[in-house]
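In what follows, chain A forms one complex with chain B and a second complex with chain C.
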Partner chain A sequence: MGIIRMLEGNEAAAWGAKLARAEVVPAYPITPQTELISTIASFIANGEMKAQYIKVEGEHTAMAAAIGASAAGARVFTASASQGIVFMEEALWMPPGMRLPIVMCMVNRAMAPIGGLRPDHNDSLLQRDTGWIQFYCENSQEILDTVIQAYKVGEDKRVYLPVAVCYDGYFASATATPTSIPDQKEVDDYLPPYKHEMYNLMPGEFRTIRGFPQNIAKARYEVQKATEKAKGVIEEVDKSYGEIFGRYYDGALEEYACDGIEAVFMTMGSMTGTARDVIDEIQAEGKKVGLIKMRCFRPFPTEELRKLAKKYKVIGIVDRNTSYGSASGSGIVAMEVARALYSLDDRPLLLNFHVGLGGSDVTMRQIRYIADKVLDAYQTGKAEDETDWVELKDLGEVM
Partner chain B sequence: MEVNKLFDEYYEKSLFQGGSTCCPGCGGPMFWRMALEAIGSNSIIYGDGPCAGCAIRNIKLPTFGIHFSFAADGATGIVAALNAKGRNDVTVISAAGDGATGDISFGKISAAAERNENMIQICIDNEAYMNTGIQKSGLTPYGAWTTTTPQGKEAPKKRIPMIIAQHRVPYVATISVAYPRDLKAKITKAKSISGFKYLHTVMPCPTGWRFDPAKSVEVVRLGVETWAWPLYEVENGVLRLTLKPKQRPIEDYLKAQARFRHLNKEQIDYVQQEVNNERQRLLDFDGKSVIT
Partner chain C sequence: MIEIRFHGMGGQGAVMGALALAEAAFSEGKYAQKIPVYGGMRRGGDVTVFLRLDDKPIRRTSGIYEPDALVVLDPTLLNVAEVRKGLKQRGTAILNVNNNPEEVDLGVPLSKIATVDATGISAEVFGPRAIPITNTIMLGAVSRATGWVKLESLRGPILHMFPGRMGEVNFEACTRGYNEVRVWECSK
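What follows is the complex of A and B.
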């Protein structure tokens, strides 16, 4: 059994990396990720963690050093945010194609120029096409658990893909919540040392998958197949992790208070906590609206979502991101959901909301507004096509 | 037949595989053949150069690379992994072309030098982006024609070896494929030193410099003899000229390459003056510390 401590999200991520025995940590500081890497630096300085900490001169180098170390047989951890993630984007494309299971925390922060230091999801969602697996976490406990799970998923030989553990800056990264820290021995038993079957850079033992593929489509399809296989592995890992450590996250999608409910909305990241409270309140008032938390955005849980969609008449998608000029001005998650559900004969109505852009607070009143809109669509059988910019509505709040 | 046999026997032993896809006369295969004799088999080669890994593909050792804009960084990760595994016996070579070293990854090499990463960083300098079709880089010399400097480059070449030396790394040296013994001795010395070692080799490029591919060695030897490419090393900050040839006029070197053919007398005089100044500076500092 582990111990329970008050941990900020960044500290929880550092604990995850430590418990996973990450061997190489190349990192460059950026708000709001800094406490994460400085916590790791202290762990190493105190002798609590045995890892090579590379104080690189930029994020592009951080990811490149991660790639070199991962190919050379080391378990690697790194983290970044916002501008930093985008600065390393050239490098981010490499690990999926190279099949290197690097784990990286993406501490969400809005992109410049219309951003600030607080979170929205455009920085990590921008990387959705690279081939990285993406988890979105709600609180410190989930962050710690997901970092460990991320290695278990990424290093599975059916997968061999990098994994991004995303969580909102400040709301999750800097908020201390009670966090159960698993026992090192139990984590060691759960997560054996990293050994890549496709790579070895040691002289005399050299093997690699590098080089120009003869058939590019075939090589890309391999990566696509690996992301598909990852879905099953994510479920498996969530189950096996839960059996040992007692915490389950329902794989890729979590239904919250959805019994006998036909109208739901879907959230991602730290706003889910607020949404849970609102759902509890409004259900007590007799409003029948439930919540779906999207925990895994890549691979996109298409089949799981289709299964759920059969139960629901209305799904509202809450997007903490913008995609200027997109179809119906829609957010990124809504576009994916629409594609996933289009082939169903009996499709639910879809609504789309923008909230919390640039890290503005997602308030209970805003969530109530969203729930009411969802309920309204359920009752009238009609849904507005256009994305609802909730923050532009006067909800009578003093902000 | 006898020649074929010799060829086969040589490549049987060499760590470089014959039959590369490099241009005829490219210095790359030549360089790696010589260098690998000194580097030895217990090594990992990271990076590219010359020309996007063209020659590196023929190295019979573990090789790894990401993309040309990733100089020194992937090797930093490999060094860290070796440290994590307690493998201090393996030599890590990190190679990059002049475009990576002088332009797009300049900061990465500077940072690896500052961190004193335990690797041998080699700049393979053919003085332009040759793989993309001869475009100017920060290491293209003054006056040289490239497809992006059709009237000749206006600015001088960046002096990377001296810039790296100012990072106070343990070892910096310039090398040339025209002087194999000097080249191998410097690599051997670099291998014996712990920390960041920087080697800068000239890479004759008949395609981009416009000369007869049979004359690669001749052209770069002229570079050394005219002091356009002085051979020196900086060990713990102290400069030592490893060769002080009798100076030939720079015109001999420039006239051997069509990339300089448009230069007028005034421009040639200017290049000569620059070379003279640099030669004098090197002679003044010979045996002394260059660290400012």
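What follows is the complex of A and C.
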């Protein structure tokens, strides 16, 4: 049995890394990630965590050091945010191709300009093409659990890929809530020490870090295949984690209060907690709208989403990001959902909402507005706007 | 659910104060959630912290715009429009101000107003400072005025946050806030 403590999201992530027995932590501080790596640094300084903390002069070097340590066989943890992630991006492409299961927390923070220090998802979503698996967490508990699960997924022989555990700056990173900290021994049993077998050359198997041009497509296809295989592994790992620790996250997608419902909207990250409260309120008023939480954005849960799409007549996608000049002005998640569902004969009506951009808060009223729009579309059979910038609407908010 | 908004200036300890209150409530078996909202961390800048207390798990992560209660750590903040904004009718205000609660007008009818001269107590306990430390004093005032947490429940979190002698000094400050707060039940 573990203990329950008030933990901020960043502290929860540090506990996850400690319980997973990460051995090397190269990191550079950046708001709102700083408390995460300072907590790890104090764990190491106190002798509670046996790991090598590598102070570096910037994020690019943090990832370079992470790559070296992981290739040498160490379990590696790092974290960054916003401009730091983007500064590291050149190096971020290496671990998937080298099949290195590094775990990194991406503490979401809006990109410059104008954005303050608070979150939207453009910093991590920009990395969606690199080959990193991406989880989006709702609160401290899910952050802690997901960091541990991330090693289990990434180090699985069928996968061997790096994993990003993303969560919103401030609304998750600095928000303290009661969090159950699992027992170290139980985590040790669940997650044995890391052993990288990828580099044991076997006849007939194709592996490369640096290849000739004729091999590159093959190497990339191997990464693609591993990403696809990760879907099943994510489900398995979530299930086995739940059996031991008693908490399940429904793999890649969670349906909340969707019984007998045909109109839903889909959220990612900390706004999901707010959406749960709104759903409870509006269902009590007789409005039949449900919620889907997207927990895993990479690999994109195409098959699962298609299965869900058969039940729903309307899906509203809530994007906490922008892709200027994109198809229909859609957010990144909406574009992926549209592609995933296009091949269905009977497609649900899709709505897209931009909210929480540049780090602004996602409020109860905004979520209620989204739910009402989804319900309108369900009743009328058509979407009023293809893409709705919710924050530009006057909702009578006292802010 | 009780939704509380803390306002302070950087250096007064609004974030730590709200966290200590959350920890105290948690130690009494309640659910608690603390969300700080600040810009760059710096002394003197404005700091807002959202605190929720409930008997069941707290899921929403949005800010608090229509609080049930305000805790204001500095008298100069009382005239700031953002600080008074959204406070619910019949709500509660716990303020660092050297006035009787009956003299306070926040523009809405409240059910309870509590005032304490936390700046004065701070000068006596911690010595005079440009930005007085008032967080633990206000926690004592909150405990007495609202009963959300017991004074004794604040002891553990405060001692944990301030190791060594400063822990005892801070709990003494907290106890003075508890003893010296003036509470006005406005509706009575």
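Going forward, the second predicted complex is superposed on the first by the 381 of 399 C-alpha atoms of A that agree within 3 Å, B and C clash if a C-alpha of one lies under 4 Å from a C-alpha of the other, contacts with A are read in each partner's own complex, and residues count from 1 in each chain.
One rule holds in what follows: a contact is a pair of C-beta atoms (placed from the backbone, for glycine too) under 8 Å apart; a residue touches a chain by one contact, two chains touch by 3 or more.
The structure presented is a predicted model; accordingly, all values stated were derived computationally and were not measured.
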item: Partner chain in contact with A:Thr31 - chain B first, chain C second, else both or neither; value: second
item: Touched partner set for A:Ser70, first chain B, second chain C, both or neither; value: first
item: Which of chain B and chain C A:Asp385 touches, first, second, both or neither; value: neither
item: Partner chain(s) touched by A:Glu303 [first = chain B, second = chain C, both, neither]; value: neither
item: Partner chain in contact with A:Val362 - chain B first, chain C second, else both or neither; value: second
item: Interface residues, chain A side, partner chain B - complex; value: 23-24, 26, 51-52, 54-58, 60-61, 64-74, 76, 90-91, 94, 200-203, 206, 208, 210
item: Touching residues (chain side chain C, partner chain A) in the complex; value: 19, 22-23, 26, 31-37, 39-41, 57-63, 65-66, 85-86
item: Residues of chain B touching chain A in the complex; value: 41-44, 46, 61-67, 69-70, 73-78, 80-85, 87, 90, 107-108, 110-111, 114-115
item: Footprint of chain C on chain A - complex, ascending; value: 6, 31, 116-118, 138-139, 168, 170-172, 174-178, 270-271, 273-274, 276-277, 361-364, 397-399
